[in-house]
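As written, the chain order gives the labels A, B and C, with residue 1 at the start of each chain.
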Amino acid sequence: MSAVTRLSTLLIAGAVVAGLLVAHAPHAAADDPLTVYTVSYPLAYFAERIGGDHVKVTFPAPPDVDPAYWMPDANTIAGYQGADVILLNGAGYADWVEKTALSQFRLVDTAAGFADVLIELDDIVTHSHGPTGEHSHEGTLAFTTWLDFRLAVLQAGAVEEALSKRRPALAKELDANFEELKADLQAIDDAISEITASIEELPLVMSHPVYQYFTRRYGLNAVSVHWEPDVVPDAPQWLEFEELLQSHPAEWMIWEGEPLEASVAKLAAAGVGSTVFDPCGNRPEEGDFLAVMNENVENLRAAYED
Amino acid sequence: MISVRGLEFKYEGGEFHLTMPEFGVERGEKVAVIGPSGSGKTTLLNLLAGILSPVAGTITVAGTEVSALGDTERRDFRITTIGFVFQDFELLDYLTVTDNILLPYRITSALALDRDVRARATALAGEMGISDLVQRHPSELSQGEKQRAAICRALLPRPRLILADEATGNLDPVNKTHILDLLFRSVDHHEATLLAVTHDHELLDRFDRVADFKDFHAWGDA
Amino acid sequence: MIDNLYLAWQYVRFNRAKYWTLVACITLVAFLPIALELLLDESEKQLLSRAVTTPLVIGAKGSSLDLVMNSLYFGDEVPEIITMGAAQDVAETSLALPIPVYVRFRARGHPIVGTTVDYFDFRGLDVADGRMIAVLGDCVLGATAAQRLGVGVGDGVVSSPETVFDLAGVYPLRMNIVGVLERTHTSDDLGIFVDLKTAWIMQGLVHGHQDLTTVEDQQLILTEEEGNVVGSPKVFEFTEITQENLDSFHFHGDEAAAPITAVIAVPVDEKSGTILRGRYLTPEAVHQIIVPKEVIDGLLTNIFRIKNVLDAVILVVGLATVLAMILVFALSLRLRRREIDTIFRIGCGRATITRLLAAEIGIIVVSSAVLIGALAAAVARYDHALVRMLFIR
């Protein structure tokens, strides 16, 4: 190979490297909106609020699924793979992420900052086999972290940090947006705190064990059953519930979604009112996260004032 | 056909010296040339063919004064006018009998190899009784068969003069007669002239005339 | 000229042994340097092109050549294992995009490359058929790998155990082929690409089994302590990941401690690259960071040094061959003296005789040239594989 061709090879190679470096830099060109995929609706809402026009947020779960237990198909996973940022709720929420080929370095665990306050569930059995001994699986942590609105603020903060890191030039604007969101979330936190403080130790029954953080944050006297809003509880469930009422004389049941009339009537007959506090894990049919939470607050207020 | 006058020849740096004041052969004649070894018989054939040039005198063959020709003309003259038959046949071992017969046509631009020539080659091989052998190589032939092939090669360009140098020298008595018969017949058939150097004295009476080299003046050893 | 060629051809045909010997001599002597040149050119192209497109590689301290050969060309020599933590460290600096690679396992001779989807972006790899890897157990094949294994989308490929008696560690895993990559004429064509976690499954770090807490066959359970069910050896270790059992796969332990062989680091800009390199220069650094181009340049320098020696040897051998050939022709001319004499007497010119001999040499030379051409074409056709065989294995 002559000196000239060798030199030109090197020059071409150099140009290719430079091109690759530009093309594959972790921070894509600053003008394009960041592609953000999330595993839950609250995170999508946070990202939209904080990122505004600078982000293109996708939360691809269909409306009829629980995103916590949903498994996206290959096409949807390809969408996640192409995202600049993938926002995770953490605490074991949507553990399909663990079983898919997503780049670890695009994942942002928004609960990473408060790992020490996550709630471990004690009714899950661990198992052991092989050399590593005892370990347990998904579900060992409660994951509806955002229903503790102080934690929701932390998660929104993690979202803001992740976006700022990738768009340092926008840090100021993103921070301002975050502050606005934070104020909204704090207002809800204040409102719930105020409502729940009005009657301390009011016995409540949660229709589903998704209110662990909510219960802890607002010091509620709540016990959980495993009911579904769209299914009338069967006889054993009802029996169990009546037994529960003996030791825990609840006046309200808090549902994840609008319960069936039959369930409401049956509860009313037992002297238990029904109200809804929608965790809003998936995108609501109407309104947004804030609207749903405000409605939740009003539902709660009505229950407490009753 | 052949007319030699006042011929003088000597090899450069050698002692051999040949003088031939007058020698002639008529058209259609079959002449035997005899003489002791080294007396210059082959030298005469080479002079007639223009391979050697005389020091003095003129050699005229078929109306062409050979001694006056240039190199290229002499070669073309030789290949078109003279047919050689050698004692050792001198067939090319890597060519088939057919290719050996056609050889003169492949080594000069003075002869054109066409369909007609190929047909004649086939016919010649038939005349010589070697039709079945044309695809063989010389190593697969007997001595007699080789000489038949060599005669075909000599005759194919329709030469007017055949120069045979001990053409039967390497053959057994039966073959000798047979080959000579074939050669004579072909010479007659093609209306050629034959000048044959030979040691076979028992064959001499078959020739029209015998030229004895002791009639010529030759010194030294050719 | 046709007649000359015809006669020369007949001569050559008749003397086959001599002809083929001469052709073989010329072919070998001329082909060797050509093949060498072709292979070195290709190796330079192949090695260097990939080296210059891979800015930085981080791996265990030790042979930098092994590290480059394994992480860039998927060579057999597996460098010392490092952990995923090394990649996370790079990510935390924000100086470069880390692309962890784990090139340790093989499937029917082809390297299984455990990596993240960033690798495909980085190398510009697209699927020609099927789709990219999405879930555990998915794999995409390089074009050559798919061709040689005779498999395609929808088929499976089973990883080979590291050793025949490897009972404890590496389970043969059937990977589902979901895509075949476009041909790139690089080492990527040979690879079987999986997500890192799939590679870890092969090592037993991520695994699936029946849910012991709801199991009905009590034989599967060794002891049931308070809140802990201990599985018996009968617990079935999956060798294939399906839609049904995907959920049961889970990672044991800390992902930062999971094994990889190297991290390809793609710096944000040149300055970041320099800063990143600086961080590995301290005596406390447990990993080395290398610029593949520098390593390959070193390798090529050595290869070219050897080539120069070979060239000199070939030159001497070539000269000897030329002399031997001249001798052979001279001897052959002497043997053919009589034949030349005969055709001269018949009436053949000296020039024609020269042309006859030239035609003969011409036939030998042209035959050799054709043979050399064919061999060179074969080398050029398989140079990619040959270079791998010679320099990468």
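Following the convention adopted for this analysis, a contact is a pair of C-beta atoms (placed from the backbone, for glycine too) under 8 Å apart; a residue touches a chain by one contact, two chains touch by 3 or more.
Note that this is a predicted model, so its numbers are computed, not measured.
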{"item": "Chain pair with more C-beta contacts, B-C versus A-C", "value": "A-C"}
{"item": "Chain whose Cα centroid lies nearest the overall Cα centroid", "value": "C"}
{"item": "Centre-of-Cα separation between subunit B and subunit A, whole angstrom", "value": "115"}
{"item": "Subunit A and subunit C, separation of their C-alpha mean positions in angstrom", "value": "46"}
{"item": "Euclidean distance of C-alpha centroids - subunit B vs subunit C, Å", "value": "72"}
{"item": "List of subunit A residues in touch with subunit C within their complex", "value": "1, 9-10, 13-14, 16-17, 20-21, 24-27, 71, 74-75, 77-78, 81, 98-106, 125-130, 132, 134-135, 137-138, 165"}
{"item": "Subunit C-touching residues of subunit B, taken from the complex the two chains share", "value": "49, 51, 72, 75-76, 78-80, 82, 84, 86, 90, 92-95, 99, 103-108, 110, 113, 137, 153"}
{"item": "In the complex, subunit C residues that touch subunit A", "value": "41, 44, 48-49, 52-53, 55, 84, 87-88, 91, 94, 96-98, 100, 116-118, 121-122, 124, 131-136, 138, 178, 194-195, 197-198, 204, 207, 209, 212-213, 227-231, 235, 246-247, 249-253, 255, 266-270"}
{"item": "List of subunit C residues in touch with subunit B within their complex", "value": "3-4, 6-7, 10-11, 13-15, 338-339, 342-343, 345-349, 352, 356"}
